[in-house]
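Below: a set of structures, written as structure tokens.
In what comes next, subunit A is part of two complexes: it sits with subunit B in the first one and with subunit C in the second one.
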Partner chain A sequence: MTARGMWHRETVAELLLASLLPVALVWLGLAGGAGLLRLAVFLVVAGIWHVIWMLARAQPPSLAGTVTALALAVLAPGDLGLLALILSTSFGVVVAELAFGGWGRNVLNPATVALAFMGFGFPAAPWPELPVQIGWAALPALAIGLGTGIMAPGLVLGALLALGAGWAAGLPVAAVFPAAAGVLALLVADPVASASTRLGRWLNGLLYGGLVSLFLALWTGAAAVQLAVYAALFVSLAAPLCDEIAITLWLLQRKRRHG
Partner chain B sequence: MPGFWSKGLTVGPRGPGFVAQPETVLTDEASLLAELSEDLRVEPLAGEDDLVAQGAPLLRLRNPAGTVLAAPMAGRVGHLDLGPGNRLRRITLFAEAAGGRHRHALPGEGDAAALRGLLQGAGLWGGFRSRPFGRMPGTEEAPAAIFVMALDSRPGAPDPREAIRGAEEAFARGLAALKLLAPGHVFLCRGEGPFLAGEDDPELRVLECRSLHPWGLAGFQIHHHFPAAIGRPVWDIAAEEVAAIGELLATGLLRPTRLVSVTGDGLRDPRLLRCQPWADLRGLAQGHLRPGQSVILSGSVLEGRESRWLRPGDRQATVARPALPAARSHWFLRALKGASRPLPLIPTAAVEHALGGALPAMAFLRALSAGDSEAAARLGALSFLAEDMALADYVTCAEPRLSALLGGLLARIEAEEAA
Partner chain C sequence: MALPRLLTLPLIGRNPVTVQILGICSSLAVTTSLETAATMAVSLTVVLVLSSLIISLIRRHLPNSIRLIVQIVIVASLVIVIDQILQAYLFAISQRLSVFVGLITTNCLVLGRTEGFARSNPPGPAMLDALGNGLGYSLILVAVGAVRELFGQGTLMGLTVLPTVDQGGWFTPLSLMLLAPSAFFLLGFVVWGLRSLYPEQQEAPETEPPSVAEART
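Let's look at the complex of A and B:
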């Protein structure tokens, strides 16, 4: 039959962008014209790569490229230099997303990979200090994501739970709250690059909160955004493992029930 | 079982506007069409122009050998079209009340072999569907469990409770008979509400479920409660078929009608009626159509197939508006659209709900897309049939269709098993 629903890839990308609008608007309000320019640069670089892959590989471009650009604009180190910026953005977009077949088939979040590339490749560039408003704006962003079903409740709650536990243990979580919440909304909660099973998502969220707490306790001298981004990178890498654990447990449980 | 955390969707209006009392409509023609690929090899028991009684054996099937298809109504055989190798293409009956009703000889009670013989000889064997693979069970096949579906959550589906209203005693008798086929493993799935006749039997396992799609499909109930596997076939049967078995056992007569709903955009008002199997769907919709073009599907809007005749096993028909031809897009956009198959699936709550939260949804769908039959079977593919993926197809707009992928995967597993 020909009846068609609406949850194809671009619907999810549009909703993802819509849910991140609070963060985008607050950040643009604070950063002003310079922020707009910065966002435009990332948009252009990501857009050009999408068009190149469309022409060369017949890969339809995705609105998700905008989400990547937004995450990079908010989280990338400040005075990186145009060349380094273009280089690392290209690396993230091409190697982490387009080479896998475009958004939806990628394993890691392209923005996470680009940010990690910046961190490893240009360690001298200072990471941005996120204002506390970004942290608060991330909460409605997460709420919209949860309400529309594109972000996973287990992941968000798990992350908040683990961060809360770190805070209860006396770690300076409050100081990194804007970065931790912003990275959670912009990078970690990405439905494609995070775990896809119910238990796996809880593990994923707990791991993110746990890693941020761990870095806070052990990694002296790291910037707030820096530790959150690296935590996001490790969580993204561990997502298949979380899923694998969840599926194995599910199969064991079924085996016990049904033989 | 399903509580606050249960997953599933309420799809479309369910039953509103149905008149309280379904009217009985017997169409003038009834047909069974088969495609050559279905390989329905038959031996006709009546020729063209023969007068047949309602319920009389009409065609004997070669596979499973010995089972028959019964005449859905008293009438004259109009067309009997057999392809090469006696494969049925089409058989059409024209109603003629003079045919009367055929009375089957009843065996003694309480004998499983005799019951099998009776059901196979009376044409009720086809009411069973055996999983894995969803075929009519073999004549000697012993089911590990039987699921009686007194629940149907498809959009616009008729309420099985309504279907067996007035035949409660026959339903209870049919349930008792099923216990001979699968002792101790007869499951009755029903929606919330009052008890059904015969369910106070301690050997019967009653599963009360909320009517969220897809939990009203046999596949999901079987997957959750008693997964099918190779060498462990699980049968499912609709509640009304059980009532038909009960009536056959009591009277020797075959139930002449089944409850069918006709819904859809192309209809002025949804209809609920009792008609014969293989009924002419155009006849059922006649006089209730909205002006304009429409297509008639046998089955619900999600998984139905275009057909003029009510297909065996279907209990609803949908009159839909034909899909408008898409505006001609630029050749480049068309090429781009075509080049990106299979479309990526994004894990969202929508996907989770479309599979009822019954299994790790993305892992299963990825196994389907990749054609990984081992992983899919491990996650429960053998309990499902193509129709169980119809909601996921609808929700995710997957391309290629997940139901087609699952169908192909099951066919491959079946071929490997047969080899």
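Let's look at the complex of A and C:
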């Protein structure tokens, strides 16, 4: 890596991990030893793949694998077999992250892809019920992310704004608040897989909140985490579109101003 | 080229699906079970061999300006014959294959071989080349179909191999395997594996599309 100064890829990964610590600690406190074991499984699987790709392709491993493991430990369906967990995690980490050249070059968040794989691959496995403390812990996590500058204010505010609009329209947003806020902090606010222009980030956040509200209104029988994870998947697929819209608008504006 | 090479080369080295990425629409659609994949593979191979034979026989009488129309008419006629045979003798499978047998007509692989090889070669080599390409296509189709059926339903050709949890066994079927994206993933993994094993299959830089500047409108 030829990055100069203190801001390089691993700095961002460390700060991302630091900002997610409130969620991690609260979740570990609630889940106890079983949670620690679960986290360890995801850490080992993700870590092994990072090391394999380092040896095979000389791709430096990233601390961001820890963030993926944490998101999976909190959000993955409960009673999947060990084989299914390993398969889904490997799919997310390898296909969504490492095959693209490692963290920072990936298009989608590996944890989002792994969770979608679990959701489509094992539809019978029940999604976890997030306790309300996770939702409240996500707020300081988002605040630290915003304060250190690794999460985008537009994205977070846009998402909260759209969720608030859904709540004002009478949707049961409060019931899915822990899942929506937890997924926002763990998956959607990921600085790599989200939009990277100012307007694009607002659109990205609004789209996430809007999709969660839409799913709440129309998708009967969906678990809270399921709804939020699928919204995160669609939003990260649409992130380049948000950027494209922002850039097109900027070009139009520039053309109008300068001819 | 030596005649046996015409038959063996398209199996791995110049496989139409994994190297030329031809005919993948049908390989995605019909590979949910081994039975449909195998039927489709046989149908396509038969159509490909017969159409190569016919087009090779008339190659000196084929006016250049209408050759594509003539080729399509010949392929389409053969496809209709195959479709009728399937409906007559394998009705249940033909129902599951639905339009995909008819769509062999538009399979890029068939027209690619008749236009690219049979049109300019004698019948013997043309049929060998067609058979090789048909077998190469079949190889991928059957492999993908077997993996999808085995891990999606725990069966092979409808026979239980891995007893699923529903039937009192231990295997949790991977429902994703029955959805179309899994065929994309599996095909991608096959192409990845083959191109890692045979680096000469990787595209040379000069065949990559030229980079075009974005339109600034």
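Just so we're on the same page, the second predicted complex is superposed on the first by the 255 of 259 C-alpha atoms of A that agree within 3 Å, B and C clash if a C-alpha of one lies under 4 Å from a C-alpha of the other, contacts with A are read in each partner's own complex, and residues count from 1 in each chain.
In the analysis below, a contact is a pair of C-beta atoms (placed from the backbone, for glycine too) under 8 Å apart; a residue touches a chain by one contact, two chains touch by 3 or more.
All figures in this text were calculated on a predicted structure; none of them were measured in a lab.
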When the two structures are overlaid on chain A, which partner does A:81 contact: first (subunit B), second (subunit C), both, or neither? second
Should A:123 be classified as contacting the first partner (subunit B), the second (subunit C), both, or neither? second
With the two complexes superposed on chain A, say which partner A:95 touches: subunit B (first), subunit C (second), both, or neither. second
Contacts for A:197 in the overlay, against subunit B (first) and subunit C (second): which applies, first, second, both or neither? first
Check whether A:251 is in contact with subunit B, with subunit C, with both or with neither, and answer first, second, both or neither. both
Is A:59 in contact with subunit B, with subunit C, with both, or with neither (first, second, both, neither)? first
Quick check on the superposed pair: does A:6 touch subunit B, subunit C, both, or neither? Answer first, second, both or neither. first
Among the partners subunit B and subunit C, which is in contact with a greater number of residues of subunit A? B
Going by the contact definition given at the top, which residues of subunit A touch subunit B in one complex and subunit C in the other? 251
Residue set of subunit C touching subunit A in the complex reads 172, 174-177, 179, 181, 185, 216-217
Sites on subunit B touched by subunit A in the complex: 226-227, 297, 301-305, 320, 323, 335-337, 339-340, 343-352, 357, 359-363, 378-380, 390, 394-397
Subunit A residues within the subunit B interface of the complex: 1-9, 12, 54, 58-60, 101-105, 149-150, 152, 191-192, 196-198, 243, 246-247, 250-251, 254, 258
Spell out the residues on subunit A that touch subunit C in their complex, using ranges where they run on. 81, 84, 87, 95, 117, 120-124, 251, 255
